[in-house]
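Chain naming follows the written order as A, B, C and D, and within any one chain the residues start at number 1.
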Amino acid sequence: MNSFGRLLRIGIFGESHGNGVGITLDGVPAGISLKFADFKDDLGRRRAGAKGTTPRKEADLPKLLTGIFNDRTTGAPLTILFENKNVRSKDYEKLREMPRPGHADFVASKKFGGFEDYRGGGHFSARLTTGIVAAGVVAKKLIHPVIIEAKLIEAGGNPDIDAAIDKAMEEQDSIGGIIECRATGLPVGLGEPFFDSMESTLAHMIFSIPAVKGIEFGSGFKAARMKGSEHNDNILSMDGKTETNHAGGINGGISNGNPLVFRIAIKPTSSISLEQETLNIRTGKVEKLKVEGRHDLCVALRAPVIVEAATALVLADLMLLEQQVERINV
Amino acid sequence: MNSFGRLLRIGIFGESHGNGVGITLDGVPAGISLKFADFKDDLGRRRAGAKGTTPRKEADLPKLLTGIFNDRTTGAPLTILFENKNVRSKDYEKLREMPRPGHADFVASKKFGGFEDYRGGGHFSARLTTGIVAAGVVAKKLIHPVIIEAKLIEAGGNPDIDAAIDKAMEEQDSIGGIIECRATGLPVGLGEPFFDSMESTLAHMIFSIPAVKGIEFGSGFKAARMKGSEHNDNILSMDGKTETNHAGGINGGISNGNPLVFRIAIKPTSSISLEQETLNIRTGKVEKLKVEGRHDLCVALRAPVIVEAATALVLADLMLLEQQVERINV
Amino acid sequence: MNSFGRLLRIGIFGESHGNGVGITLDGVPAGISLKFADFKDDLGRRRAGAKGTTPRKEADLPKLLTGIFNDRTTGAPLTILFENKNVRSKDYEKLREMPRPGHADFVASKKFGGFEDYRGGGHFSARLTTGIVAAGVVAKKLIHPVIIEAKLIEAGGNPDIDAAIDKAMEEQDSIGGIIECRATGLPVGLGEPFFDSMESTLAHMIFSIPAVKGIEFGSGFKAARMKGSEHNDNILSMDGKTETNHAGGINGGISNGNPLVFRIAIKPTSSISLEQETLNIRTGKVEKLKVEGRHDLCVALRAPVIVEAATALVLADLMLLEQQVERINV
Amino acid sequence: MNSFGRLLRIGIFGESHGNGVGITLDGVPAGISLKFADFKDDLGRRRAGAKGTTPRKEADLPKLLTGIFNDRTTGAPLTILFENKNVRSKDYEKLREMPRPGHADFVASKKFGGFEDYRGGGHFSARLTTGIVAAGVVAKKLIHPVIIEAKLIEAGGNPDIDAAIDKAMEEQDSIGGIIECRATGLPVGLGEPFFDSMESTLAHMIFSIPAVKGIEFGSGFKAARMKGSEHNDNILSMDGKTETNHAGGINGGISNGNPLVFRIAIKPTSSISLEQETLNIRTGKVEKLKVEGRHDLCVALRAPVIVEAATALVLADLMLLEQQVERINV
């Protein structure tokens, strides 16, 4: 079930080493200005290139296949395709019998009976997040003037991210990180009690980003160690502004007019250059494994823009449900 | 949108001080043995009574309205109703003009234009989790022999829970807590890549429980501070068993045959006996507020069985999707 | 999967001879005036009593369980329950081994493994349409000032309905009928291209009414025998009014501003007093069967108000999707 | 909302004169043999070429973009694209101010604020059914050994279809037709009571095919003129076989083991060469219009294979819900 959303619905498709990856975004209102150039910045932030990112470089040029006419959305499904160009599949063929620790190789093989496209993680690859970022570009337009900003606030347990990367490179190991995301300018009233609370819908989407292993809103896990008298945010004005923001902008699952704040935990990249031990499913024995291929040392480095996109998609959907989407581009 | 699930679908309804609360559970296979007595244990665990829980006591006797015939499920929707008996609404009427900090009062009033049933939190009340627990009793039967166990591992930042409660009572304050949930006996292959990952669907459901502000799987936020060589779980055997379980039983969003492990953060109860300051929406001024009514001092105390129920509902749905539900009761 | 709708979502539950039948309607905007008395007229039209209807008479008093406060909707799920009072189940127990021709007895037993509540058709009973009618009362308020009117235009192949009933009573047989439904005042633009066309969503809902075996929009099956030059409706004015209305108010799946017109075929009641032959599933032989119990001679007589309710539910959902629901009651 | 299905879910995208049209099919089990050549026959049946079909000829070569590896499905979303090659958009640009009678031009312009791609009907074009036919090829494999056969049984009110076409060509007019679809080999038990009845789900999907204006199951509209004693199908054997099949293979919304039979009404093609009158939305006056462009004289000629595909998609979804999909190709 590769789709998500109620009124703004994203469908994802593709494989790391197949023809390409992409998305279909259904429910985009007609008349939104949308040009090839609009995608450049966010896709650039996601692309590899910087220290600590994979040497595999894809141009990541979005093909706007459907749903656009005269540089504006038409109201029909928007399909965006990224063709795969820089593919070196042979790196992966030999891994077939040794499922890589931390990866989906083993579970995919069991779930799909060995028919899955295993090259480069296939449909499980983080390369599919290219489509999420592209969809996020559209969603960010829909939620204007709400501003979303995600940033890496810690890598390898260290706020000095550059040093953490250097150390990991030296050790030929990988590291994880923590991303904080803030959205400002949200109206009061987004989200629903119970199953479609803002926390529920955001968490659902955010956990679909590979490598995410935790999410907390506002004070989050710290809240569990606070007293009610410390944690309660006193309301100060008729627009809902509170003295503190321990709730992260959400009460009862519904936005309260204060900044939305959440943090997510990204695990260290599973592919490392160090030798590991794992099962050889042909021999049934635990053997030595050295993962080749081209990988990120810290996937959290490229993740903030993906988190922003995922957040924008959820917020746009919730705003459409409340009909608060702005159409400034028309 | 008060429903969740794909094949096993829970719908929730009701208000804290109205006629009652309940659920409809659609998609339950026919032939499951289900009697009134089956609900006793789990509902008992959720009920108030122990130190630190609300003095409001409801009998919580489930009325099995539909979907059962001769003590077995029929395959038709199962509706379970809990009538409200012990209601003291006047406690709440005077709060109308002063939205309680930490509660949904303010956002509900904005979202529903003042038409919401505000008595006791109305539809936002934790009383609605009675229905979730009842649905969980059914779901637990469906996932047999998978075992789910949730427990409070920390309250008010303290593993000695009893002492934490005593201290909070003394201070007339409330405290939060951390619950750990483990499920053992899961098959490999539950969950889907991307939007219906196990983490996504579980987090979606878990965040619909009032007061939950964070969730982490396996090593969770600690994973963000680990190296890949530490975090990767080496696979040891053909059934997927791993040496460590930093992944919490999930790779690529899919169960890997190891125990599912996650922890959630519960914020301190918003209602406290101490005086607070908040906006009076009639006068537009910040004024003193003392919350009356009957409340839990630590909602986390009663939450483990709710977490188990929510988890069972998600696992049963994922197992139905993979057709691994057992029908031992037939 | 006993629910339908995107933003206005109806869930149905209950059995003919169990505790009762009912619905949950989720997505009703807050603030709609709703009183017990509002249900009287439409439920009265559905109730038995007239010539040709079943001798089983139920008071059909709706219990407004949840979602209402101070005689207005709250925005929370609206649950309406009808308790069963006038139940004579023993009529049905002896039919267990002889599935009645035309009924769901045989398929229900196969699908639900014999665990279904077979008394009076159980969950398949037309008694469940009581809940649909009640939901329709709410939906009709939402779509104001759109007016829906359904009527029986033919029974037993005869426009003189009274005479057709008399003849069928004499023959101890049952008859079917044709219902025409018209909705006026619809805006242009409801419905979606392809899968959520007005025809698709209306047909989906209408075919959930027991005994419906056909639906046609506008000229319908006659259109298949017309020429394009005859069938095309020339547009006459800027609000979309056309010279003729062969399209029944829908082009490309989307409302065009003209009256919505469709007709449905209702099969004759399956239960008849005449002796029939069918399989005895215990003996495996075809045997004589005489269906006892209390039945309608022509279910089409009571169906128009159900068709109106089903139509109102779909139109209200489509109007919410386009945000054209009026809130005159507030 | 351009998607449909519960477990087997089709999403549709594209425009008549844009880059192309296509579908994403999600939920296809892994391991199904699927090659380029498999699509040839059904796409050939849909293609133009025969007398009475449009002179616009497209090669209709499916590009299997994602979800396939080594000629088998992988379990990941299957995306199939048909590029548009033979496009003559200037035919349509001049129609902008005169919405064609019978077409979606007027409603599309109102619904999408004038931003829709109007060339050749844009997203409303019957060209999008190419994707449905391709999806149907996959669905037909899933439902093996169920056989679906749809055929045109009447055109222009005449069973001699060839003569009807000749006459219409002579008159420069268009004609409609009636298609009958039969599916044999279905198990007992597909479909659900109420909202997901077989009739509901099939009708939903079938009405998404452009130009369909009516559907009837079994005896359909004739049933409304029959007596119960005539219409009831007596059950003859333990596998549910009945003496007659007035029910069209469905009781209570659920397949009964007999052939599924339904008929649909296709309206005459809206585009005709004869001069028509319609509104000029620029001048606000009714004016003469002559529709240029290349069109089918009888869309019903190419529709049977689309009806089969739509039927196969619904049946495959219902069979997956009951887990009766065969995997013979593996």
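Descriptive notes on the structure:
Operating definition for what follows: contacts are C-beta pairs under 8 Å (C-beta built on N, C-alpha and C of every residue); 3 or more make two chains touch, one makes a residue touch a chain.
All values derive from a computational prediction rather than experimental measurement.
Comparing chain pairs A-B and B-D by the number of C-beta pairs in contact, the larger count belongs to A-B. Most remote chain with respect to chain B, judged by CA-atom centres, is D. One inter-chain figure worth recording: chain A and chain D are separated by 37 Å, centre to centre, where each centre is the mean of the chain's CA atoms. Averaged Cα coordinates give chain A a centre that lies 26 Å from the centre of chain B.
Here the spacing of chain B and chain D, counted between their Cα centres, is 44 Å. Touching of two or more other chains is recorded for residues 1-3, 6, 12, 76, 111, 123, 193 of chain A.
Listing the residues of chain D that touch chain B in their complex gives 6-7, 76, 193, 321, 323.
Interface residues of chain D, counted against chain A in their complex, comprise 1-3, 9, 11-15, 18-22, 24, 26-27, 30-31, 63, 65-67, 69, 72-79, 81, 111-113, 115-117, 122-123, 330.
Chain C meets chain D in the complex at residues 1-4, 6, 10, 12, 99, 101-104, 106-108, 110-111, 123-124, 128, 154, 156-157, 168, 171, 173-178, 188-189, 192-197, 199-201, 203-205, 207-208, 210, 212-221, 223-238, 240, 242, 246-248, 251-256, 265-272, 274, 276-279, 281, 284, 286, 300.
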